[in-house]
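Handing you a structure now.
Here the chain labels run A, B and C in written order, and each chain numbers its own residues starting at 1.
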Amino acid sequence: MAKTNPGRFFEDYSIGQTIQHAVPRTVGAGERALYHALYPARHAIYSSDAFAQACGLDAAPLDDLAAFHVVFGKTVPDVSLNAVANLGYAEGRWLKPVWPGDTLRSVSEVIGLKQNSNGRTGVVYVRTTGFNEKDEAVLTYVRWVMVRKRDADAPAPEAVVPELAKTVAVEDLVIPEGLTFDGYDYDLAGEPHRWGDYEVGEQIDHVDGVTVEEAEHMMATRLWQNTAKVHFDTSARPDGSRLIYGGHVISMARALSFNGLANAQMIVGLNAGAHANPCLSGDTIRAWTEVLDKAETSVPGVGALRLRLVATKGGAPFELRGEDGKYLPEVLLDLDYWALCPI
Amino acid sequence: MAKTNPGRFFEDYSIGQTIQHAVPRTVGAGERALYHALYPARHAIYSSDAFAQACGLDAAPLDDLAAFHVVFGKTVPDVSLNAVANLGYAEGRWLKPVWPGDTLRSVSEVIGLKQNSNGRTGVVYVRTTGFNEKDEAVLTYVRWVMVRKRDADAPAPEAVVPELAKTVAVEDLVIPEGLTFDGYDYDLAGEPHRWGDYEVGEQIDHVDGVTVEEAEHMMATRLWQNTAKVHFDTSARPDGSRLIYGGHVISMARALSFNGLANAQMIVGLNAGAHANPCLSGDTIRAWTEVLDKAETSVPGVGALRLRLVATKGGAPFELRGEDGKYLPEVLLDLDYWALCPI
Amino acid sequence: MAKTNPGRFFEDYSIGQTIQHAVPRTVGAGERALYHALYPARHAIYSSDAFAQACGLDAAPLDDLAAFHVVFGKTVPDVSLNAVANLGYAEGRWLKPVWPGDTLRSVSEVIGLKQNSNGRTGVVYVRTTGFNEKDEAVLTYVRWVMVRKRDADAPAPEAVVPELAKTVAVEDLVIPEGLTFDGYDYDLAGEPHRWGDYEVGEQIDHVDGVTVEEAEHMMATRLWQNTAKVHFDTSARPDGSRLIYGGHVISMARALSFNGLANAQMIVGLNAGAHANPCLSGDTIRAWTEVLDKAETSVPGVGALRLRLVATKGGAPFELRGEDGKYLPEVLLDLDYWALCPI
């Protein structure tokens, strides 16, 4: 009996299947410090216990994207080891902060399957939920990936394509229990701009850039226990390059967006996301944001901003697609998320 | 009086000498997180407090190899600063888990000395023991190294070569207090293979590979406060390369062995080990395992697997030595250890 | 309204101005571990809770330079984003240890302004103080930087150049509450040399070297939330190189100085400092020390050593300036500090 995990192929998924992903993980002060070493993260609510307490929380939670990466990383051996492409995200919601000492595990349900016309690959849709050690859901999102078939002659399953919300509705955003911006200190947060200062359609160039290195992205990707070979092994791709985990680009771009969005404190919804082009060591990542929408939430003083966050490895800010409608070659990421901001 | 440490030379050792190694170290959540960032470590008992508690422990201990590296690192300034080669390990036993907050220190006793026939070097055997802040021994092992003489004309000491056990006897393995695999969750652990599923002689190719970088191995080696110049200083070796600490290869290979040995949870014995060839930045480390032996332990449900873990930087799996009996040039590590596995 | 921070220009400062720097930061076990991974730090009082407790402290504090970097990092967006050069330090005093769990913030007061004769730049002097979450000052120092003018035609302010002490007087050094070296364990500390063993004028070559890598210095600089573009972005300087944060060189040199100064345990005063030449990835950092002064302190058994710590990227030890009085091109750092040492 072969004991190593070859990953699942398209035929191995069926609608309704539930996958308990392996290797629970306790996170804490070490993951928090590493997150700050790997990304220029400065949002105060994740940096300072005192600031978080002034916002009604018990302490600084783990960065919302670190929580995402831990939950996501667990799914890789079961969902994307044989993936050809990571196609999209939808209906992502952060349900509870992750505190130092929490132990996270992930469960996925297969909610869609569609074989491609070439007969060699298919698209798998999973809804993944992360749980803490009290079995409370902390995060849920849908992801779909293109996966190889083991056997091109295997019959196609009945196509099921889930209907997914274009965006998470504001009323479905979960505001962390106790959160208040009533005593918010804009000096300590780093910028004076409130929710009311942002206009739909406004674009912000985040100005700063970071040239990325092999050692950094591998440390980050391992930290989240993401095992995809292409990130680590120069023999896994024909050109000998290591593909940088898309989540590394997400975190880098979000951290860079502090400069102009310092008060977009907490990510609570993930509407959509595309990894437009591969990122490699030596690329200099920059970011810009477009305000897509804004809304008040159920908590007085807490507003929500819907933001398009674009990461690039060159080119001018605010350019996304070419005349053919395709992403420009220098665009790395197009992410659509909801963040909470003092009104 | 010169104040810097020139390291000890062969003449500076005598049989029975006890060396109190410097710089005790408190380990905790930060070292745990860094271990996960530096190695693709996924054994659940070290990753999750909740999983470790379900196995009867108070919390996830520090990875057994991290404990080894901390204890080992302290010995370098006293034992191997002038070492020409790290020749072997024997009689290694983990005696107590290392918990976050523990402070470790190391003590070595010189148990063997043998001058080489060239008169310029000699072999020093030390038995090193790591202690926690309660002066409880947590780890012990024998290591022997080839050390330069300060003065080739100094007389040779009487040769003393200790008799060392070929393997640690199963009855000498210490099972951590309280450890039980009765409620073991194979889904969360990541693989279904039990102790009974492994056969003596079975070989496992761990499939994955990691291409290593300078920044990573230096961070790891510093984390263990290992001060050997060859790991850090490009002017220390004629070709300008930095030699990667052998322990980095051990940890990388052990982490890679998760894929096929996810349930070989805790290392409790180190029977032997050889760093067959040097590892340099840019090498892609892979690993394979051969099951050398298996035995039940004093604790019902807890089995022991004796495993040969081989790390390579190329070549085919399961090839170890050439026709001349020497290690193949692509073999980095040949390690013989005992791990605990649910029966 | 542009929302990104362009940094302040010379005209934006006025005497007496107080700047509340943004993004408080909680530090802990993660930062401690990362400090050990990034630098070969071995001073026992920062490495071991048990050792620190034997010296009368509650636990091992965060390394004094890590505390400095966190406090310093917060000032960068407000003080040195448009700086041409970091000119000097003075009157630095560590006032309280920083403990794991402390939250640090920084406040600066502008105490000097002097436009340069070229009309395009000016020198800004700030006194920066770091506070913990109890609003206790933990560190204070003066720094002066050369900053660009936004508009060369803007009128020059009245020149104010503060009178700064050449060195911090011994009676102004703050000995951490409870500190005692009465039960000091020289074996565990790593060297036998006491305060009485050092002579004014004595020079120590710290022997070891570390070749630095891009990934390391960027991780360190991000960890301190220092946002200066030149450290991260290869497009920020004409030659595509990333300038290494001067504080990275300070920490590397101080850690290397363990070899010969293992008992110069705690830094309590910063008298002066110059970043003599830029440090780039690939440079091999070495260090040497000259004992400039020594004094007893108010606490029996606790002596102070005034030390010149020089970091180089080549050349011979103990050479600092050329015949023209300028720093030799291989000198990176000339730092003048007070450390506490058992008498």
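Convention: contacts are C-beta pairs under 8 Å (C-beta built on N, C-alpha and C of every residue); 3 or more make two chains touch, one makes a residue touch a chain.
As the structure is a computational prediction, the values presented were derived from the model and not from experiment.
> Could you label the chain A-chain C interface same or different, taking same to mean over half of its residue numbers are used by both chains?
Copies use mostly different positions to touch.
> Suppose a student superposes the Cα atoms of chain B on chain C; what rotation angle should they report, nearest 5 degrees?
120
> At what distance in angstrom does the C-alpha mean of chain C lie from that of chain A?
Taking the mean C-alpha position of each chain, the two centres sit 36 Å apart.
> Where in chain C do residues touch at least two different other chains?
In chain C, 28-31, 33-34, 213-216 touch at least two other chains.
> Touching chain B in the complex: which residues of chain C?
Going by the criterion above, the answer is residues 28-34, 36-42, 44, 47-51, 60, 187-191, 193, 197, 204-211, 213-216, 259-262, 284.
> Could you pull out which chain B residues touch chain C in their complex?
Per the stated touch rule, the residues are 1, 3-5, 20, 22-31, 33-34, 77, 100-101, 103, 105, 133, 213-216, 218-220, 222-223, 225, 227, 229, 232-236, 242.
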